[in-house]
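Below, each structure is written out as structure tokens.
Here come two complexes built around chain A, the first alongside chain B, the second alongside chain C.
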Partner chain A sequence: MDFLGAFSWINIRFLLQGLLITVEVAAASIVLSFLIGGFAGLIRFIKIPYLSKIVGIVIDVIRNLPLLLIIFFTYFALPQIGIRFDIFWSSVAALTIFESAMLSEIIRAGLNAVPKGQMEAGLSTGLNFSQTMSIVVFPQAFKAMVPAIVSQFISLIKDTSLAVIISLPELTHNAKIIYGQNSNYVLPMFIAMTVLYFIVCYILSLVSKFLESRQYNY
Partner chain B sequence: MLVLLSNYGPSFVEGFKYTLFSSILALFFSLIIGTFMAIFQLSKNKFLRSLAKIYVEFFRNIPLLIIVMFCYVVVPLYWFQLDGFQSGTIGLTIYTSAFIAETIRAGIQTVPAGQMEAGLSSGFTSSQTMVYIILPQAFKIVIPPLGNQFINLVKNSSILAMVAGMDLMYQGDLIASETFNTFETYIIVGLFYLILTLQLSYLMSNLEKKWAIRE
Partner chain C sequence: MIEFKHVEKYFGAFHALKDINLTFNKGEVVVVIGPSGSGKSTMLRCINGLEEISSGILLINDLDIRSKETRLPEIRKNIGMVFQHFNLYPHKTVLENITLAPIKVLKKDEAAAIKEAEKFLNKVDMLDKKDSYPSQLSGGQKQRVAIARGLAMNPQMLLFDEPTSALDPEMIGDVLKVMKKLAKEGMSMIVVTHEMGFASEVADRVVFMDSGQVLEDSETQTFFDHPKEERARQFLSKIINH
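This part shows the complex of A and B:
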């Protein structure tokens, strides 16, 4: 074990660059999946005949597939039918596909948790459907969703480590490169990776807990 | 797709068996560890409580891949030999047990405190009360969330592919690189996973609905 050599400035900087990519991919995916998942959740919430059913089935299928399979699929299988991304965007695409299915369930549950009377009250005061949705129902639903979305973000950050399989230069990948040079670096790199992931995820989980505890203090 | 399935069917089934075997092993052991960690988290002993808390918080906040790679890379380097299947299953067990501990702890806490007091006052020791009175009630509450954890476990078992664990994803990867037919191979792999996970998730949502009506 060679801690001094392993934690040289160059190596630490390399790890931090990896962490930056990890956070970038996770952030890009959570934003995209909030949009797509929000749309899908809304379709299921307002129950359009057939369309809502189909969206529901697609979501169920995606939710029940392993993320690793989806990553493989977007990177190796989609080019076969002519859809090509670079490594960064195919990781983002895979995580977005997976995460929008998760988020759409959270958003639907959040919308369902808002009492029906709110919707009726909005409509009867003369707002039209989309106004009621965006001004009355959604803000209330959003407050209830935020802790769940933050914990999805935590699992997303952990899941970006799977993109090492398509050599996305994120934290795990960079640590692998460093300990590949010297077997004395293996344990120090594992400790560094663990500490970095833990710090980021633990802080976020504290944020989520804090938001959850604030829910009831109206 | 049918050609692929008829040529490589046995490999898919072989991988499916490993996935199933690894998931069941990991579920069994993580249920045991998770239950103990949940009880420790609620115990009066300060040492046990902080041990369980650290265990749960630590393993819930690091990626599964790191635990699995630790078992596959670091453990053989310094201590003893583990193959891909073993290190994958051990990693899955550790990771899932942290989540199961949280689920069971939440379940135990929903059992009214009066039950514990009633048990104690009718002459049971506190561990007897736990085993005969609290845990049976808690388990009924946590079965649907535990089912979801099991679905996650089956999905997470695909991580074995990254350490050559012979599972379904690994076999699919081998077949894809042999036939260059990635698209159809991964769809078949996906269907195999859905056989397991989709049924489980429908079973769980039905159970949840049934029990919600009864209560």
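This part shows the complex of A and C:
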């Protein structure tokens, strides 16, 4: 083991560059999958003829595929039909596809968990459907969804490491390169990855705790 | 102002309403009674479009509820509804529960809406709880807030869907007292209930329903003294002597 050599300035910088890519890919995927997943969940909740069924089938297919396969798909298969992303956006696309499917189910379940009477009460006072959804139903659903959504985002951050397979220069990838040079660096690199992934994910769970505590004022 | 003409309602294969012909007039208090599953609540929920009728004609203020031009929010803002399980918004305070629709639908400014809301809260004797959340209230208090929420839209009519069925016996009186007050002030009301005392005291008419049909539609006095239908007689004797 060689901690001093492993944590040379140049290696630390290389690790942090990897961490930055991890955070960037995760952040882009979180934003996109929240939007797409939210929309898909809403479509399934309001039961639009045919459309909701089709969306449901697509979600079921995606949810039952390994994420690794989707990463291969966006990087190797999509270019075959003329859709070409670089490594960064291939990773974002794959994560977004996968996490949108997961999130849409969380959001649909959250909306379904709000008693039907809430929607009826809103409508019966003359609010239209979108007002009732946004003012009455969604805030209540969101409260129930926060823990599940945040833990989904935490697994998304960890799942970025799978993009190592298409050589995305994120944290795991860069750590691998460092300990590939010298087997004495293996243990120090694993310690470094453990600490860095933990810090990023833990920050997110603190956000979740904050959101929950803020929501429980009634 | 509300007219059912040969209205039918199916839930899948279940025939919930069978050839309903009813008229509800302005200023009238009508009590709808009947055994569970008789279609009373379904009939009531058709009036503000929470259930869609399968066939027949339902006119609300001369507007055909099934016509493409009829906008349900327009109908609903004139017809308040009070639910069995109150359905107050748990994430909003009592005051916010009441002012939400006047602000969003009637476009009242907040100060005016609050002033109005306080007036109605005072009427249902709940003004001191205006900043509480629904979870801090008892069932009877929640229901009185729900009535104030309905009143805040200044509706032409209030629908009550078993408003006291989910309440502890000692809370029922407070809610009925408020409802009687409204009835005396001339509010048009359709009340689905099992409260026979309330029916005989304030109703102008009683509608008796069983298995999706209207079996009897009579003046209150006539209904309680001489029910025409055997089924209504049976129901009354059960419910009064229990």
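By our rule, the second predicted complex is superposed on the first by the 202 of 218 C-alpha atoms of A that agree within 3 Å, B and C clash if a C-alpha of one lies under 4 Å from a C-alpha of the other, contacts with A are read in each partner's own complex, and residues count from 1 in each chain.
As a convention for this text, a contact is a pair of C-beta atoms (placed from the backbone, for glycine too) under 8 Å apart; a residue touches a chain by one contact, two chains touch by 3 or more.
If you're wondering where the values come from, they're calculated on a predicted model, not measured in any experiment.
After superposition on chain A, the partners chain B and chain C are seen to fit next to each other with no clash. Within the superposed three-chain model, A:L162 lies in touch with chain B and out of touch with chain C [touch as defined at top].
Using the contact criterion defined above for the overlaid structures, shared-chain residue A:L68 touches chain B, although it does not reach chain C. Set against each other, chain B and chain C differ in how many residues of chain A they touch, and the higher count belongs to B. After the chain A superposition, the centres of chain B and chain C are separated by 100° when viewed from the C-alpha centre of chain A, nearest 10. Once chain A of one complex is fitted onto chain A of the other, the partner contacts of A:G117 are limited to chain C, with no touch recorded for chain B.
Judged by the touch definition given at the top, the superposed model places A:Q131 against chain C, while chain B stays out of reach. In the superposition on chain A, A:Q140 makes contact with chain C only, while chain B stays out of contact range.
Measuring only between alpha carbons, the smallest separation of chain B from chain C in this overlay is 21 Å. Of the residues of chain A, not a single one touches chain B in one of the two structures and chain C in the other.
Of all residues in chain A, only 115, 117-118, 120-128, 131, 135-136, 139-140, 143, 218 touch chain C in the complex they form. Contacts from chain C toward chain A in the complex involve residues 48-50, 72-74, 76-77, 79-81, 83, 85, 87-91, 100-101, 104-105, 133-135, 149-150, 153. Against chain A, in their complex, chain B makes its touches with residues 57-58, 60-66, 69-70, 73-74, 77-78, 151, 154-159, 161-162, 169, 172-173, 176, 181-183, 185-187, 189-190, 193-194, 197-198, 201.
On chain A, the positions that touch chain B within their shared complex are 60-61, 63-69, 72-73, 76-78, 80-81, 154, 158-159, 161-162, 164-165, 172, 179, 183, 186-187, 190, 193-194, 197-198, 201-202, 205.
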